[in-house]
């Protein structure tokens, strides 16, 4: 085990030279050739704050889906959606769904709320003290907010959920974070809040900055209930004729399949009774410089559909924990910024617009895949039985 | 709403010309400038089967973590791990964890099983018929396998889980899929299996190719129980001195924090009582051409730790639903292939090796972040109290 | 704290004298008067094996619901169902539901499977050994069965689920247990199986008789998936006219409310998307000498409904973990036995019949309560709006 | 199917004559003999409001456990606990646990909060309207409270949780209900609140009185998070010597088994990572006239333990959804009231005391069973291996 350390330079690590040095190191150590990962278009200096030990870039191909018509409060009009993926048919399928949505007059999007969470836990000598602390905290929320809000001009503590278990008090602090996803600024604000609490509460206590109910980079029921990042709904009503013509299935069958899938979802204990929100989100996240690890949380969803008397199909998906940014993180990198600009979503004041575009894109994919599953596979028993007995 | 259609060419769509044409289209339509997304290093023709309507690529910076010492059955020795991310400190944090693992003699990895699933549901006129069909299916598994296995030289039906609910029989078919992730080949094989079943079972029935318990691109308890993709364990025992020196915390405190986080996880109903598996996986997935949407499933985990009498800390994480490939999908694209080659994981016979590298990388990040949370925030009450009452 | 010990007699504890002695003790210690709890009809000697330190009995009033028409495989015809409860309207509501079911031709019941579980966990030095042990176990199932089956003439090991996590192998052994609920005989058989495994497996291992995935006296997703006790379906199709006449609601509205409740259930993370299976089960359990603590498991359910083109409503409930007995436990006590006899369900060969009666009773209550909720509260918007703006 | 109707009398149904008439009816219809169920000690007239079609009573034997030492805020001192059960060893096991708790100085109990829920759902034409309604509701809470509180002198609306999904707004109203369990008074108050809302909100809407997230007679994650009925903690610290002497196990082994069971619980998706809270609760509920169907909710729990440096074991269980009453329901029936009086828990002002007794009793059983599992089964590998290879 004498593998050498990765080359680093304390002063000029974000430079083309160091990136090249590390590629050369890898080529030597691993007997590989790296002609492509070094083909980067960004300024290495721009990577500071985004990555360490950079040696190149992965090029993820971007396809274009759309136009997607959105009737949102923040996103309105037609959009061409860049999807970075390597999964064949994904872009085509989303584009197909967007065509249907467009023919139906567009998708309506609604952001219900948007907060980022950090969830410290406070430890006490007994459950009773923990409970009493909870009351103290509720009574002293103004002080906590002041302490938290001093750490950032953007991140503001909105409200604190409290959960008493054993001799602990689990908190879930909810912050507004502007156009950033906000995990870091929430962490910093939560830390300041906790320190203020320790100083002022008069309880013998200690805390851990995360008691795990944030639940960062994980799915959870608490996210589905209380949101993480944005809670957003995309909804549409599709006429039966349109579905028949464009998706070649009956709304009635689409609807019936939904019931069976929802039941399957309950049986399986799933995070999402819809189809594949993660596909849209991963592709959008990579294209636009989001933290792709947040697909873990963002993939959750609640699908609700209704079959109307006229045969039209109301379809909605609620994404309770969609985590995105139009500022900070990877959004400012060269190619990522271009993709955000394609959506007119780069920078300040654009986060809610981007949230709505994400939700609308998800909906397009749900309809497209749902109709494919139903259309291809729903074999009526009388037909099949005839062929069954030769 | 007269937004024009995206330019396509039926014959030569995978060409530099068409990519450029679409960029020009976007620039015109959206009044943006796209100098960077067009800077691609791959051959446009190589994108066929990976994407539609391609117009460029997102460049996701790759950092290098390691060396990571693995004592696996498929991966053994030291590895330098390429992580594609835009989240600052992520690579540094994983690298720090790898240093600790290395000092502890490396991480032991074990693949427990690996299958890809497709979950058709069969519909009957009554619960009784559905149940009896289940018995018929169990008795005729050989025929089903033969039908399924005829569709691919690689994908083979291993076993079928059965769940009876109402008048349906939910199946969950498990396939071996070689070095591919295998969703598509499993779908094709399942389709063939279902058609054979319909032809031969003698029951009045119809089926839907997915009853949602696969559970594709979603988290679920059934994944945690019965795996999806690979089920893999990474484990290590860390001496107390090593942890104190390298991570600047006590193993005792690391251990205690685990209990509180696991309780928090149960309270929240989380998919993972660990910390942030999704971070490692998203970065590895993007670097190596995996389907990043599978972060939805892959992020799940079960962490189990023990504090030994000598103060050393046994730490394990079980990833029950890790979905990766070393063949097919995006693994063959220019930069992605290079990253796989850095790990000697490109192509046939490498999937289990890559599974082990993923799990070991995840473990490195768990230790690094866990110690950071504990080290920074675990304020002993006696200390803090002194300062509390000035 | 000098509270005296409860009077006991090593030899004659199950006697009227000792029961009276304990009542006298309580009356003296707590200054209460206990004229009623001593009014028991059973022979105190009959309590051996059912309770310790007996001092009397709670009298739970029993109401009669029915007739309930069942088209089962084990229960067929009309039944009068004894329900022991203190919740007003419960018996009346179930009786109402039974009237509707009867008018619809009766409820069809199907037992899908029935096993009792005990879930030992085996510990190893590494995940790899744990996995290999799992393979050994699969290869040596015959030996395990022989050891398990030697402990009882009734309890037989059917199959073993295996789950690998960390360096443990969690098993879930499934036993047939005749007409008993079978927790004790399963425990005994599992113990024997484990001892045989330890003797023969050649692995360095130890085990704990329960690793908690049984999951005894708790709800769990694993119960919903893999059953605990009986998995049974009750189903019926209700004509629209019948529902309108008898329940005074439209099937369309009943159906719509189901969708909203199921969505609510997913949101809440519920064990049951139906209404109140626990009410029927608790009342039946108390009346017939079941272990009422098993309401914890038995209350789970999956409701699936369909609205047919003719307006009729198909309604089913699947109870995945219904734990009952017609032999052993409290079934032989004086009043409990009488209630089982009312159902012709006392003793050997009656367990599956009783399972079906339980499921059918549950269904009756679902329909009754569902229609009450819908009928009373579903206020059409146009009506309400008129009144809204005076 | 000409089964006759059950005899009823519109005026004098709660009479010995009618009870006897129904027994005679059953005896004739079912050819059974019912000498015991008719042996009731209560006044038939007292059953009005508790049951319909009464024909007798089940006699559930009651055993006495204790003394149980409680250091609560409402329950203090020693208690003898009546447990109505037919499961042998249950009373003995709880009594054993109580002895240990007593030797450790008693169990500390803390009621964190106590509310009863009713969860109406409001329907709108779009998600946007549903969200805006949520804001209106938050702004008009005083009016809602006034309407709700007019329905009862005891039941008061405390706070409303709101969850937006699709075009619905799911509410979860939390009521204080004095010494009653309060489901009915909460329902009535919620109904009044909803009608006031409809009248005053100015939104085009309709509502259903329950959208299922209450979650009545079911387990749910929302109960674990936000309580249903009482949220109560029982905790104790057990010296190592005491555990060794009285329970014949090492605290270290007890602790280790807890980790494995909690992991098993996460794997299984369980409602309770403890052992068998349902056993204590079902037995207490039946003895004291609680609604035994609420075992469905009350069985949930979160166990948290710590192993201290001196080898002592801190053990706590948090019951998040314990539903009990000391007034109303079955608490006033003859034998049930006597059992409440044994605990000095009958009537007004006693609910929190009874909550604490329930939690303390649960804890006793957890310790007793946990030590039995560990003591009997934890076979050290070196021992067993010696015997393994003869």
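For clarity, chains are labelled A, B, C and D in written order, and residue numbers in each chain start from 1.
Keep this in mind: a residue touches a chain if its C-beta (ideal position, glycine included) is under 8 Å from a C-beta of that chain, and two chains touch if they have at least 3 such contacts.
Owing to the predicted nature of the structure, the values given are computational and were not obtained by experimental measurement.
Undergrad: If you check the contacts of chain C and chain D, which chains show up for both?
TA: Where chain C and chain D share a partner, that partner set is A, B.
Undergrad: Considering A-D alongside B-D, which chain pair is linked by more C-beta pairs in contact?
TA: The greater number of contacts lies at A-D.
Undergrad: Could you tell me the distance, in whole angstrom, between the mean C-alpha positions of chain B and chain D?
TA: About 40 Å separates the centre of chain B from that of chain D.
Undergrad: In whole angstrom, how far does the Cα centroid of chain A sit from the Cα centroid of chain B?
TA: Roughly 16 Å, centre to centre.
Undergrad: For chain A and chain D, what's the span in angstrom between their mean Cα positions?
TA: Distance between chain centres, rounded to whole Å: 38 Å.
Undergrad: Pull out every residue in chain C that's touching 2 or more other chains.
TA: Residue numbers touching two or more other chains: 163, 165-166, 168, 221-222, 225, 262-263, 265, 267-269, 273, 302, 304.
Undergrad: Where on chain B does chain C make contact in their complex?
TA: 73, 108, 110, 112-113, 126-128, 131, 134, 163-168, 221-222, 225, 231, 233, 235, 269, 302, 304, 316, 318
Undergrad: Contact residues on chain C for chain A in the complex?
TA: Result: residues 221, 224-225, 256, 259, 262-263, 265-269, 273, 302, 304-306 of chain C touch chain A.
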